[in-house]
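Down below are the structures I want you to see.
Okay, so subunit A shows up in both of these, paired with subunit B first and subunit C after.
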Partner chain A sequence: MNAGQKSARRIAASNGPITRDTVCVSCLHRLTQPSRRPASTAAALADPPSTPTQQPGHPNPPVSTAKSPRKAYQLLASPVLSRPPLLTRDLTSFEKAYYLYQKRLNERLALPFTRYFYYKKGTPGDVEWKRKIKVRKTPARDIGIYAAYGDEGWNDEVLVGDPTAERESVVEALVRDAEGKAIIDEEVVGDAEKEGLGAAGDAKTGEGQRRDLTKVEVERPVDRVTEADKANDLRSLSRKMDRTLYLLVKNREGRWRFPQDRVYGRENLHQAVERILVQGFGIDMNTWIVGNHPIGHHQMKYTSGGAPAPRLAKISPNRLVSTSRDRVEYEQEEYGEKVFFMKGRMMTGQADIAKNEYGDSEFRWLVKEEVEQAVTGGYWKSVKDMLAER
Partner chain B sequence: MALLQEVTSSFLRRFRAPPASLHRIWASQCRHASTEAVAQETDELEVSSFLQAEGPTQQAIERFDPAGVAKRRNRRLPPSRYQFRSPRYYRGPLHPHQPPRPSEPSSREFAPGPFSLPRLEQTYHDTLASDYMVLAYAHLPPGQTAFKKGDRLRRWEGDSPYFKNRPLRGPRGGDTLRLLRKPVTFRNVPQLQRVTVHTMSSDAINSGAALHVSGMVLQAITNVRAEAHEVKKSVAGFGVRAGMYLSLTCELKGEDMYHFLSKLVDVVMPKMKDWPGVKGSSGDFSGNIALGLKADEVALFPEVEVNYDMYPPKLIPGCHITIHTTATTDQDARLLLTQIGIPFFGKLVN
Partner chain C sequence: MHSLHSRPHVLRPSLRTPYNHTQTRHASLLRRPIRPYTFTQLITLSDGSTFTHRTTSPQPIYKSTRDTKNSVVWNPSSRKLLNVEEDEAGRLRRFRKRFGRGFDVDAEEKRGEGPENTQQDEGVPDEPAQEEESLMDLIAASAAQQQQASGKKAAAVEVVGGVREPAKKSGKGKGGQK
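Let's turn to the complex of A and B:
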């Protein structure tokens, strides 16, 4: 955390003039106070501040006009935009078995269901309840057929391979219950009164039978595997609903990265990242940038054959950053890149690559494993600990 | 000695099975491993009598039907062989009958365990906790030292010799020390701890039924049996005497707590009419936030709404809900609850 005073002084010694562009505001405040500077550091400074009117401790030091291009790292901000999981994860087989067993034990230990507190005697609801409970033997709807207080109460464990605990059976049981059907279709046997058709085990078959005059349409839950999953549409936000999806773009060099851009003028990281999302994907994304601090960083030095190979960059003002228009296009000798990642959450909307101003050709919403496959090794090392497991 | 050795060696020979059968057993039971991996695993294992036992055959598995066997049995089984009651009293560690753990179903203290993995708990661990860490991070720029606060307990400073070793004074403004706030790290993110639902009915002074109805409503919405509390001191103005049972509380932890809060935030709060949110001044400076629900709002819970007519009119109570968190300040608790979805209004008092 405390990098110490050496790092700030090193910046001061190696670079030319100390301005707001080279050091942060708090370091600038400390370094521009000559009374606090010991003699050794004063000698280490290559060039004194070029403008003679610069006052120590002035909050807004005037912009320096250096003759040679400034030596720096390219400062980039990058939003790590994620769509959090919208569905709970699938239960493991152990969890399913455990929960089913605990629910059945609960049936054995809880007091009997007080029917008349919920269904008034003689009402259709009561009749329906009696019909259903006869088959299901238990008030609970998601534990299959089990009689907790009967002679077979001891048989509370299901056999290996039983589908009772599976999500499909539970959904099926609940939907059938909502439709007014019993949990399983009773066996149809010959019955003298009912012209050869009737339910097994009940003499008065007509009484509890539901007439198919009014068919109750119950909305089934939507499938957890969506269309986007089946089509493996990597641009869709409806894919992998139980995982976190991260937005990656293919930049003009053909590399898959989180969207990134230079920090202009006096904007802070939060503002830079919001601007990058608008300039990269249009205005149709409802996003929230979490906090004001980056969640990670990545550093890359420009080298050619092992030796540093600085690149000359021309920085022109950005149309969306008013403070960048204070100075006209200037040059900077860049020794590498420093990217700071900011956490962002996606609420609604979708990215529109047609509105992209950075020359990115494609975008994708990927889970953590897919991000690992898409990005290069060094970048992945910097990025992997920021991404959520689920 | 020689006889013993002979017996031992024959014994071992009988139980030392060739590796092939071991492989077969593992291959049949191990559904996911390939045969190569199975071979490697079985090679590394020590030969043991456990692994030599044959698993059930497929035929045996298909024929297994304990309920059917019980039905076909004509005779009655002796109850002593199949019924077990765990000991009522603990008689010490050396007694032959030891009580089972409370997590055992046969224990007298057994409470059926979790029935589901609550959605709110999953959301907290996957989404909310990491967002919280980012929001609560306080950056210290390099080269700067952290602001050092003064001593909480102040010394007596002065000329008097009696000041030496005198007990330290409390902070300025009062003697109450607020909880220390530790910086939020990945191990220290504020979590929901428990929820207390409390209701007091003044109707219960005259009618016993009112308290029973309140208890039933509380049990329905929380899934926990309510505890009744008696009045400690008689107050003639309210017409209460000491020893009267007038209030009920339910303490929710774990799965029940998450389900209750999910229902509250997703079902009840959206339906509440003209409800601005939880008051910003709510909070006990220790990370616990409380809110109140009126009787009509309690009736919005799905468990009460389903059989609303069964409750006597006007006896459904309102309640106080206190959410205890592991946060140590009001701001931290409020941030957590805002993430969960509880709105706050008005001036936020810390």
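Let's turn to the complex of A and C:
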């Protein structure tokens, strides 16, 4: 990147007209107001520069004609639109075992459950409560059958492969309890057989008969693995709900990239990126571009066989950028391209590739590993540190 | 209640000092913390999302009808929530369940503001069955048919509306709201 006034002056002296494409705004102000300058500096400006330091951004030939096209890099903005994770991640097996152990430990350390505060004596709720307790021996529902103050209170560890600690069995136990059933149906395993009241709905258990007049059906929670996951629909926003998804498009050259486009007129990166999202995917996306600073950049020089191969670009005004209409279509010789990435968040909506104005053929919402697979090596190196692991 | 009375660092055993410099806490009585019994509870929010948390409540499942997921403030770009009329969890739903959709603003405006209308507070739905048909709607509809059959223009519908008194029986009832 250019640094300081000297380089700006060199550019001003060597290249043709100075615009925002070649110098920054503050240098532009300083250079394009000759009336404020004393004569000495004006003379210095007029001097052709000596051999300039090699900067990657601006190759400065010593002499330039007035009519030659300006030499520059193509300046691109690119939104890195992400849908943040909507679910918490799965627990590791260690975490599950730890939480189960802690819950069973809590049975022995916390105060006992004050049953008669919540369920008054003799009420149906109380009867139901006692019936359920008989099976699982503890007020808690997510620790299996465990009697903290019984003879087996020491036996609080479960065997390997026991499903008690799994999230699904915890949720299932809670739902079954809400339905009025005991947390497990089949006869109890292990030592508790002797105390043995088998199935829950057994009418002969102590408290009297329970008639299944109404079968309460409680809705189970929605599965964490959605249909989009099962179908592996890469365009869906409901896929991989515990990971961050990034929007990539296949451009007209067939490469998978973040959507990108040139910066026109006097728009800044934030405005450019918002425009790109609309021009690339329609207006049915509820997005938020975070801040005004880029989160990364990527640079590519045009070369053929090792030697620089500048391309001539025709820059026409963009219909959505009013300040780009100040100039009619002009030409620019570009030695490469520089892409600046801006962080964007996706809230609701979906991309519509039919409204795309850049010739992109399809889009995908991918997690970080899939982005690595889809994207070329040099691009991945520039991009990988911007993306969240989860 | 500190019992750590030794230096934090550990001397290597090869130095063979007579003192043990590891951290120690000799046996002392720790009072059991007085913590209430806590359960795991499954919370279901209004949009169907669920999570578990620890609570002293013995209910296994808590279904929330009003939370951030169906609040306008937390979902500013949701047009469905912005429309108070269609709000599923709001107070209008409760009212409609009890008294039907006859009192809707839409139905009132549709009737127009002519003098030949019935009383301003009485809602007689013109359009056919709304989503929530309640007893009130049926009664009101049948009463309206009775009126039209008998050709009366302005009449007090005494069957309906145990709630409000028949306000103005005169023909120049204003069509709008009171």
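As a convention for this text, the second predicted complex is superposed on the first by the 308 of 390 C-alpha atoms of A that agree within 3 Å, B and C clash if a C-alpha of one lies under 4 Å from a C-alpha of the other, contacts with A are read in each partner's own complex, and residues count from 1 in each chain.
Note that in this section a residue touches a chain if its C-beta (ideal position, glycine included) is under 8 Å from a C-beta of that chain, and two chains touch if they have at least 3 such contacts.
Here the structure is a predicted model, which means the values were calculated and not measured.
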(message) Under the stated touch criterion, which partner chain does A:Tyr118 make contact with: subunit B (first), subunit C (second), both, or neither?
(response) both
(request) Look at A:Ala231 in the shared chain and tell me whether it touches subunit B only, subunit C only, both, or neither; answer first, second, both or neither. (result) neither
(message) On the A-aligned overlay, A:Ile295 touches which partner chain: subunit B = first, subunit C = second, or both, or neither?
(response) first
(request) Considering only touches as defined above, state whether A:Leu109 meets subunit B (first), subunit C (second), both or neither. (result) both
(request) State whether A:Cys24 touches subunit B only (first), subunit C only (second), both chains, or neither. (result) first
(request) Classify the contacts of A:Pro221 with the two partner chains as first (subunit B alone), second (subunit C alone), both, or neither. (result) second
(request) Once the structures are superposed on A, label A:Pro85 by its partner contacts, choosing first (subunit B), second (subunit C), both or neither. (result) first
(message) Looking only at subunit A, is it subunit B or subunit C that touches more of its residues?
(response) B
(message) Quick check on the superposed pair: does A:Ala309 touch subunit B, subunit C, both, or neither? Answer first, second, both or neither.
(response) neither
(request) Give one of first, second, both or neither to describe whether A:Asn155 is in contact with subunit B, with subunit C, with both, or with none. (result) first
(request) Once the two structures are superposed, pull the subunit A residues common to the subunit B and subunit C interfaces. (result) 88, 103, 106, 109, 118
(request) Would you mind writing out the residues of subunit B in touch with subunit A in their complex? (result) 61, 64, 66-67, 70, 105, 110, 112-117, 119, 122, 126-127, 130-131, 134-135, 137, 139-145, 306-307, 310
(message) If we count contacts the way the header does, which residues on subunit C are in touch with subunit A in the complex?
(response) 32-42, 44, 48-52, 58-61, 77
(message) Touching residues of subunit A toward subunit C in the complex: what are they?
(response) 88, 103, 106, 109-114, 118-119, 129, 139-142, 170-171, 174-175, 177-178, 218-219, 221-222, 286, 347-348
(message) Residue numbers of subunit A touching subunit B in their complex, please.
(response) 1-5, 7-8, 24, 26-27, 30, 84-85, 88-89, 91, 95, 98-99, 102-103, 105-106, 109, 117-118, 152, 155, 159-160, 244, 290-291, 293, 295, 343, 345, 388, 390
